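Multiple structures follow.
Here come two complexes built around chain A, the first alongside chain B, the second alongside chain C.
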Partner chain A sequence: MQTAASTKALNQKSESASLGRQKRRETVAGYAFITPAVILLIVFLVLPFLFAILFGFTKFNLLRPDKIQFIGFENYKILFQDSLFYKSLFNTLYFTAIVVPVQCAVALMLALLVNHRLKLRNAYRIAYFSPVVTSMTVIAILWIYLYNPNEGLINSALNFFGIPNQPFLRSANQAMHSIIFMSVWQAAGYQMMIFLAGLQGIPGDLNEASSIDGANKFQQLRFITLPSLYNVTVFVLTITTIQAVKLFVQPYIMTNGGPENSTRTLALLIYQQGFQFRNAGYASAVSVIFFLIVVFISFSMKKFLRDK
Partner chain B sequence: MTDRTVKLLLNLTNIVMSILFITPLLWMVVSSFKPETRIFADLSSIKALLPLNFTLDNYKAAFDRIPMMKYLNNSIFYVSVIAISGLAVNSICGYALAKLHFKGREFILSAVIALMIVPFESILMPLYFIVNNLQWVDTWPALIVPFVANSFSIFMFRQFFMDIPNEILESASIDGSSPMKTFVSIVVPLSGPVFATVFILDFISHWGDFMWPILVTTGESLRNVQLGIQTFFTLPPVFYGQIMATLTFTTVPIILLFLLLQKYYVQGITSSGIKG
Partner chain C sequence: MKKGIIAALLAVSLLAGCGTGGQTNNDGPEGNGAAETGSELVELAYWRPQAGEEEDNAYVQRVEAFNKAYEGKIKLNMEVITRGNSFAYEDKINAAVASNTLPDVVALDGPNVANYAASEIIIPLDEYFTEEDMNDFVPSIVQQGSYQGKFYAPGLIESSVVLFYNKKIMDKYGITPPDKIENAWTWDQWYDVMKQTAKDGVFGTNMINDKGEWMTYAFEQFWISNGTDIVNPEGTEAEGWVNSGQGIEAASFLQKLANEKLFNIDPKPTEFEEGKAATKLGGPWNIPGFKNYPDLEWGITYFPKKAGGTQTAPSGSWAVGVSANSKHPKEAAEAVKWLTNKDSSVVLAKSISMPANRKSAYESLPEYDELPLRVIKEQVTTVSRARPVTPAYPVLTQKFAEALTDIMMGAEVKKSLDSVAATYDDEYKRNFAE
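Then we have the complex of A and B:
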């Protein structure tokens, strides 16, 4: 406190003399400090974003930029009549609609499980978290073998319980569900960590007071813990949703969108239209729709946030 | 229910769940050290998860077929460059947004926050267009430069620097220290944790890079580990053991880094949760 006060006194003395010069110096430094990041963000984020909107109105092959043609809303017209677009949109939303609640519920359960003073608590946490650190490419390849219809570990386990071999990724009915199951396993540890931080933010005396008042563990969970986690839950749902609509690596590696387009997603459609079919205009139109979906999700989730 | 029964139940559930969660990765590691025939023979029993008939043959054979070491070095190189140069660029920007006063600061801050929402997938095409026009395809800059500045990292730094008391900075500036000198000699030494957090978040996320490298590395020379294992698994003849060896080999460095910087990684995830 004393140093703060003396600094303040010192400040006032030299204020008149050097304030102007110091202010100018700070302004110059401010602009200089932000310049590298701002330039990079403009060139590699803002500009591409504007280009995406622009390209959406063109017929355009990435490798022949000289032959660009403006065609107005033509791409959007085609897109809204394209059954593959609707299929991809449906698959993306279907994946999201299942993964988000399931993954968040599993994550919350794991967080509640490790939020106690248990001796092996750290080991449990590392077990739940290790799939998160492993890259999606590794996981997708690994699970192709786990899901193998004839010689896979999962089918062996099912056989043990008397269930016959399942086709998993080879079946149009099961492929998306197989990807969903794997994705929940992979990412639940991430959301668990956020829930855990939320749980540790709940004041301990709340639970103590309630247990003096005779509340049991389940009542504490229902009336204290879960309501206190409201905002954390909204946040977790938001980031999980945004993550989920980006689904790409899993179908790209595991099914290439098949069987029968049952795992084709919007991100996969953008990639394939833009780079494999060299249809950059159409792919950009899909990108714009994709962006609007992400913005819509983010803003509608914000509405649910409560003031503390 | 007594506290002891609660604890017992919790431990039991945790053990069952841990086994479920760890089994796929355990099978991957164990199979990478087993002879091919043994992997299939053990599949239908608990032996699938036990390291029997230990051998390094899968690793030797896989490394003869693809240059895993080179892919690993490529990944370590370009991901480190992104993460380290990102620390410099984003920290100094975050500092200016937190502590320096200049016109337009609030606008830049809002813009940086707004940019966090733009998904990479929606700028994929035009970004490729730009990188292609810069003639960067199949060169290091294509993998590195677009990802150095990161709005999320800038935001993390800014949040951390906001908590540094102004008095410390003011007294330095009265002593005639330039803003750059104040930043380097006073702010940076106080901010080890946030640097570690941003570094590991950035490193782990780019270690998994897959979509972008497919596009901009046309040849083999710049291929990263993710592309390496993906090409390998589509390359006949397929041997389970060899594929598990390359997967394990790719995963080990990142697990080590995680265990080393675990505290900061978790802090990064949780702070984003609380402040977001």
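Then we have the complex of A and C:
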């Protein structure tokens, strides 16, 4: 009896030992799998960011990497007195505040549309998605022509309806809105795809059951589709926000931050200070602040959306 | 379209060529081997920004000739960098400085000489040029290439901005543009011409080449003509210059043209060529393209001046220097001398009808003795003014270009110019004042 019991215990022990070995092997394999990604992250993300923090405390002319001067919080002092910094911060937040809800709403509408059993459904899907796969630079240049204040296609269309020529990108009041409009047009297809995947994950019997209970189309949308899409929506909102905050290509190509700095964003400010004016120290300080803002926004969004 | 394909092919072939050049440059520890290469082939990397097809071809021709002349000794590998209408080439230079990968021979825009020299990324070349050689350059070339008494980078050619006009449109309204420099149109006369001709989808003028460097290059002259400038002569201060009374007057004139829609703020590059603009502020580099438009009959007149003010014209060009990273400065200087010698000057000047950088070159360019090119030669040799020589030029040109673009789109003139002055003076004090 005793022997049997001890044998059993022994067996168990060796079993758990082999289990442990297997677990260890899995752990090693796991680390082996993530190592390349971690190395890349460290080299291209963590290290540069640590450098940015470091350089934020220096006077560093990009053409003089041999003459870097430690100046403490001087850059931050200048930054918080720089009206252009506040203007850029405002523009960035303004763009984000408008683009995120509008773009997500448009994307959801498009997704609902192409989820129907329409003829040529795939053609529509491709049409809505194609701007996403086109380079933003190409799109931005095309839209400069579309927005041309004198002979642009959009103005010709407006003229047809009796509306006079609009300056679009060449007016401090309209430039940011023009960029918002084309950005939504360009990127909504991407979020549409994610929503579409979410929509197709909703079991059909839910809608069937509700229609037997007498729910109309709108009620189905309100009480079944939208709640089922909650997690997808959280994801879409988060990535859209992070993308929006980083706005750079459109103002860089289309307006160079003008007119009157109305389209200058934080990313553009960092680029201009760092590369055109070669004030790498100051640009690093701005990017540290920029990073903190992005982190703050994404964390508070996560908290707000999860707690609901 | 065809032009684009050829340019792309060219760029690819040059990139392929440069791959090896870069490698040769980078391998081996410092100071090892480089000194005793002796009979070994020295490979040099050379960067320059992409230009028009004719200009690019002229450089290819001169680099090939150099490699033939120095066969077995020096091989110059040219890499053409896309510039766009912005500062993409300068961005590339900045990145190369940070990573110590500048090519041996580097092209740079004239007004950047001071900045690059002050940052010690290009080296003085005085020892490689004889006095006779230096005297042969037109004065503006020496002026542009010098910083604090040393000569760093000879200009490859010279440039100028003139007022092109469409002959048919001028004839239609009975306008005779001046052909003598003392009769050059004043701003008001030019304005009247624009007012008369801006009709039926035709603009009075075409004057926006790009909204970057062009804005400073072309329009600083309006400040000079009105008796001021955008910075003081020492280059240390903009307050009281760019935003002086005369400066505000110059900017207001340009704003008036914009308000009355006498030019297109976003023009098609070929607006003038297609007969959609009566005049055009442009440069000699535009001329080769005109022959693609057989219907276009064009003439040249002088850069407009302020009534009672100074007759002036923009000048300046891309220059070429030797980078501080080069392990072969002597050979690199040979290449610089070759690219700016009389033969190169003539080849370049002929291919793109740009005015030559050397006096001796004009002997081989008789076309500059007659109209229309005589206008260009007169401006280059008598009234042209270089852009400000200051190490803070990148900030000056960026902020000035932004402000002027804003002004043309309706921004308040004084406020915009005040902001240029404040930003420039801050930047200069913070980074360059001793």
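In the analysis below, the second predicted complex is superposed on the first by the 262 of 308 C-alpha atoms of A that agree within 3 Å, B and C clash if a C-alpha of one lies under 4 Å from a C-alpha of the other, contacts with A are read in each partner's own complex, and residues count from 1 in each chain.
Just so we're on the same page, contacts are C-beta pairs under 8 Å (C-beta built on N, C-alpha and C of every residue); 3 or more make two chains touch, one makes a residue touch a chain.
Here the structure is a predicted model, which is why all the values come from computation and not from measurement.
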- Query: So, A:Leu305: does it touch chain B (first), chain C (second), both, or neither?
  - Reply: neither
- Message: Looking at A:Leu221, would you say it contacts chain B, chain C, both, or neither? Reply first, second, both or neither.
- Response: neither
- Query: Is A:Ala105 touching the first partner chain B, the second partner chain C, both, or neither of them?
  - Reply: neither
- Message: Which partner chains sit in contact with A:Ile163 here, chain B, chain C, both or neither? Use first/second/both/neither.
- Response: neither
- Per the overlay, which chain contacts more chain A residues, chain B or chain C? B
- Which of the two partners, first being chain B and second being chain C, lies in contact with A:Asn150: first, second, both, or neither? second
- Query: Which partner does A:Leu45 reach: the first (chain B), the second (chain C), both, or neither?
  - Reply: first
- Message: Going by the contact rule set out at the top, does A:Phe55 touch chain B (first), chain C (second), both, or neither?
- Response: first
- Figure out whether A:Val232 sits in contact with chain B (first) or chain C (second), or with both, or with neither. first
- Message: Just checking: does A:Pro259 make contact with chain B only, chain C only, both, or neither of them? Give me first, second, both or neither.
- Response: second
- Message: With the touch criterion stated at the top, can you tell me which chain A residues are shared between the chain B interface and the chain C interface?
- Response: 62-63, 65, 144, 151, 275
- Message: Which residues of chain B touch chain A once you look at their complex with the stated criterion?
- Response: 1, 6-7, 10-11, 13-15, 17-18, 21-25, 27-28, 40, 43-44, 48, 89-90, 92-93, 95-97, 100-103, 105, 108, 112, 115, 117-130, 132-133, 145-149, 151, 154, 167, 170-171, 173-174, 178-180, 183, 204, 207-208, 210-211, 215, 226, 229-230, 233, 240, 243-244, 247, 250-251, 254-255, 258, 266, 269-274, 276
- Item | chain C - residues contacting chain A, complex | 86-87, 90-91, 94-95, 97-98, 115-116, 119-121, 211-212, 261, 264-266, 394-395, 398, 402, 405-406, 409-411, 416, 427, 430-431
- For the complex, which residues does chain A have touching chain C? 59, 61-65, 144, 148-151, 167, 170-172, 256-260, 272, 275-279
- Taking the complex as given, what residues does chain A use to touch chain B? 3-4, 7, 10-11, 14, 22-23, 25-27, 29-31, 33-34, 36-38, 40-41, 43-49, 51-52, 55, 62-63, 65, 110, 113-114, 116, 118, 120, 123-124, 127-128, 130-131, 133-139, 141-146, 151-153, 156, 159-160, 185, 189-190, 193-194, 196-198, 201, 216-217, 232, 235-236, 239, 242, 245-246, 248-249, 252-253, 266-267, 270-271, 274-275, 280, 283-284, 287-288, 290-291, 294-295, 298
